[in-house]
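If you scroll down you'll find the structure; I have some questions about it.
Per-chain residue numbering starts at 1, and chain names A, B and C are given in the order in which the chains are listed.
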Amino acid sequence: MEMRVGVLGLGKTPHKIQHEKGLRDLIVEAGRGAMDDAGVSPEDVQALYIGNAASTGFNHENSVGLMSSHHLGLVPAASVRVEAACGTGAWALHLGCAAIMSGLYDTVMVMGAEKMNDLATVEGTSIIAQAADAKEEYFSGLTFPSGVALSARKYMEVYGLTEEDLAHVSVKNHHYGARNPYAHLRFECTVEDVMNSAPIADPLKLYEVCPMTDAASALVLCREDILRDQPDKPQVFVTATQMATGTWYAVSDTMKDAYDLLNKPATRAYEMAGLTPDDIDVAEIYNSFAIQEPFGIESLGFAEQGEGWKGAKDGSTWIDGKVAVNMSGGLLCKGHPLGATGATQAVDIVEQLRGTAPEEIQRADARNGISACRGGPGAVGALHIYQRLEG
Amino acid sequence: MASILRYGAYLPRPRISVKEIHSFFSKPGRPRSRTLATPGLDEDSLTMAFEAATEALGPKGASPSAVISVTQSSPFPMRKMSGTLISALGLDGAAAYDVTGHAGSLMDALALGSTIVDSGGGDVLVTASDYVVSHDEKVADILPAGGAVAFLLSAKGCCELGGSARVLDEIYDVWYLGREEEPRYRLEVLAAAYGAAAKGALGALEAQTGISSKDYKIVCASQPHPSVLRGLGRMVNKDALANTSFVGEIGNVGSASVGLAIALGLDGARKGQKLLALGYGAGEGIAQTLEVTSTTPTIGVADRLAGTEISMGTFYRWTRGRQVEPH
Amino acid sequence: MTVSAIEFSRIGPPKLRAYAMKCEDCGTLHAWWEKFHCYSCNSNRLVEQELKGGGEITNYTVVYYPPRDFLGQEPYVVGHIKMDEGVVMPAPVVDVAMEDVEIGTRVKSTLRRMKLGHEGDVYYSQKFIVDDAPAPKKAPAKKKKSAKK
């Protein structure tokens, strides 16, 4: 099946702690930004898919879909809130694509938004833990960072990865995050800085885990011919969308599960787009914890299993390398506003393919991009491929 | 006569220095105990009883027909500790009995358990556990600590429960003073009441058994405070208290106190030796004689008196607010 | 026992004993929360099976930022414990210095508070302590009799 969903417009807010703005402020900022960039008015948007993972907990607000369409002026068009743990934003994108591909709509908006900082860290951590099954987390004293730390230790045990090796992932992400005006954390760091940063969950340290961030991002999607009819607009299309579920409990998450979670949908996505891993120029790979970047690099076919960590050290995943991974600074620097992340990854890739990313993080002549998002302890896998296809 | 077949004891490892307590609360006077055995945040009278009971049930896991639990700090206002222990230990079918009242009530539990054994009712598991938690500077007076003991009673064992005598006087040794949040000992009243109860109960036991209190080489007594042991030391052979005194080392473990002393006494006791146990609470003294009939298991309780020191900050964080919630 | 309704509905009754869920169709043991579906054979028939309590650490981490109910106990070790019966459980390993925990360390289950009672409700579950006893001997594989022609 050939898929050509046009990306008409992009919008995103800065990623940081924003006490002075409410969830609705962020949603309106990103949504209006995308509609302006697309050159559409609210009446043109036939459906809104807005991803938000945990506003009931973080913001004591529940009906995000209805709230957003009201404030964005989208009433009476269709609107729904999408939730799939950390994969929420990617799921909003998937549903928007499916809506266009079905022919039911020709122009939709997909968004992701999350405001996490109105609570103290311990409260926030506990709410995030609700995205996994309380049975496992509460019973065991695990949180998301410590659950992922277990997979880091397993990787180290199986492949001999050292903590210093892993630190290079943070060094690379911070190099580009420092150059991304929208990122939450904008400082560079060395391997030594990473090694000396405070322990969070052994073996993961402060610079290897993402901050809690407030942000929203949005894309206006359209049927292929609508974008083709505006040749002055960058001709960037979503050409593959594949989703999967995986293990719900971290304890049953083996190395194979971690690999399959993204590899299976990635394989289908490459086939759908008619591409191979070698064709990819830029990738946004979910890395709320540093170890997830090597896992994702391997699952997407950019490296053999056990070798995904090497690119950060040898340069092959830096801006001029074989494939530029996480030029935005990744989640390590952007933070991980749960519902927004998957959508922000899409925005960042499309910027790369348009050539409009800030110069220092812009991969030269990027034509093919991929975003890999995941959610829960290993429960959601989400793959999207994007291509610049001149008419 | 019922016998102790096996026994177990659990003391949490953290220790807070009482000198630090004095210093933190600017309390005058010298520390009356060196440290206090302090249960961790995830421990309580139930979990400690579980540990001691597991040891008493042995590696092959005995199947007592009844469990009698003694505690003054139950986590549940409307549930038997013995019942929950039965579920946790996998002793389904055993009868559940909770016995409480005062810190000497373990002696009641042993008496009732013996009755069940003697009437052919099967083995009985007796547990005593407490986590005494005090407010602020009262810690220096109450010396609150936590611990648990357990005894498996059977028709045949290593130590037979002999004659007992009790004396009950309506004494008020613990008082709410003014608007203070918790009752406290009046130490001179406690010492006097303990002395009177000991004298009465030991005297009555002497008359019953014909054995002089001073003849016992091993004396195991309730230890709410170090000061009571001085008075007791004059009624028995002072050296007999040497290996079973711990309150000056780890504090007051409530209803587990007399049980811990018995466990210390049983460790290393030789066949033919007699133990004198004395339970005390609220003006009541219960004296019990025990005779070692065969080699005791010797679980090494004395080695568990030493622990790992915790800081005052840790102690304060662990105990703050815990006085009122389910202990 | 005062248990909060929300906790009871999310986590079920207090875990006073260590148990696993056994698939009646394929025999695979799953962690106690897998009440509904066996991913080994897709059966929906699972029953409780009590565990002896012994196991070994196959992976572990140290938590410095705990969830609310573990506040005050950090840093603490959480291990993946492979029980002798085969099933893997995540659980805290207590009363042990961090340096003394290794992959392969033998542990046994014990009863501890999980919810600490800050809000007046107490909830119990299984945690693990280091076990000095040697591992149980594995039964030797039975030799299959070869069919005589």
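By our rule, a contact is a pair of C-beta atoms (placed from the backbone, for glycine too) under 8 Å apart; a residue touches a chain by one contact, two chains touch by 3 or more.
All values derive from a computational prediction rather than experimental measurement.
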Grab the C-alpha centre of each chain and report whichever is closest to the global C-alpha centre. C
Contact-count maximum falls on chain pair A-C
Distance from the CA centroid of chain B to that of chain C, rounded to the nearest Å? 32
Could you put a whole-Å number on the gap between the CA centroids of chain A and chain B? 59
Multi-chain contact residues (two or more partners), chain C: 73, 114
Chain C contacts chain A in the complex at 7, 10-12, 15, 31-33, 39, 59-71, 73, 75-76, 78, 80, 88-92, 98, 103, 114, 125
For chain A, which residues count as touching chain C in their complex? 121-123, 125-126, 129, 133-143, 145-146, 149-150, 153-154, 157, 198-203, 249-252
Chain B-facing residues of chain C, complex: 1-2, 16-17, 50, 72-73, 94-95, 110-114, 116-118, 120, 122, 124, 127
Please give the residue numbers of chain B that touch chain C in the complex, ascending. 13, 40-44, 46-47, 50-51, 54, 75-79, 84, 87-88, 90, 317-318, 321-322, 325-326
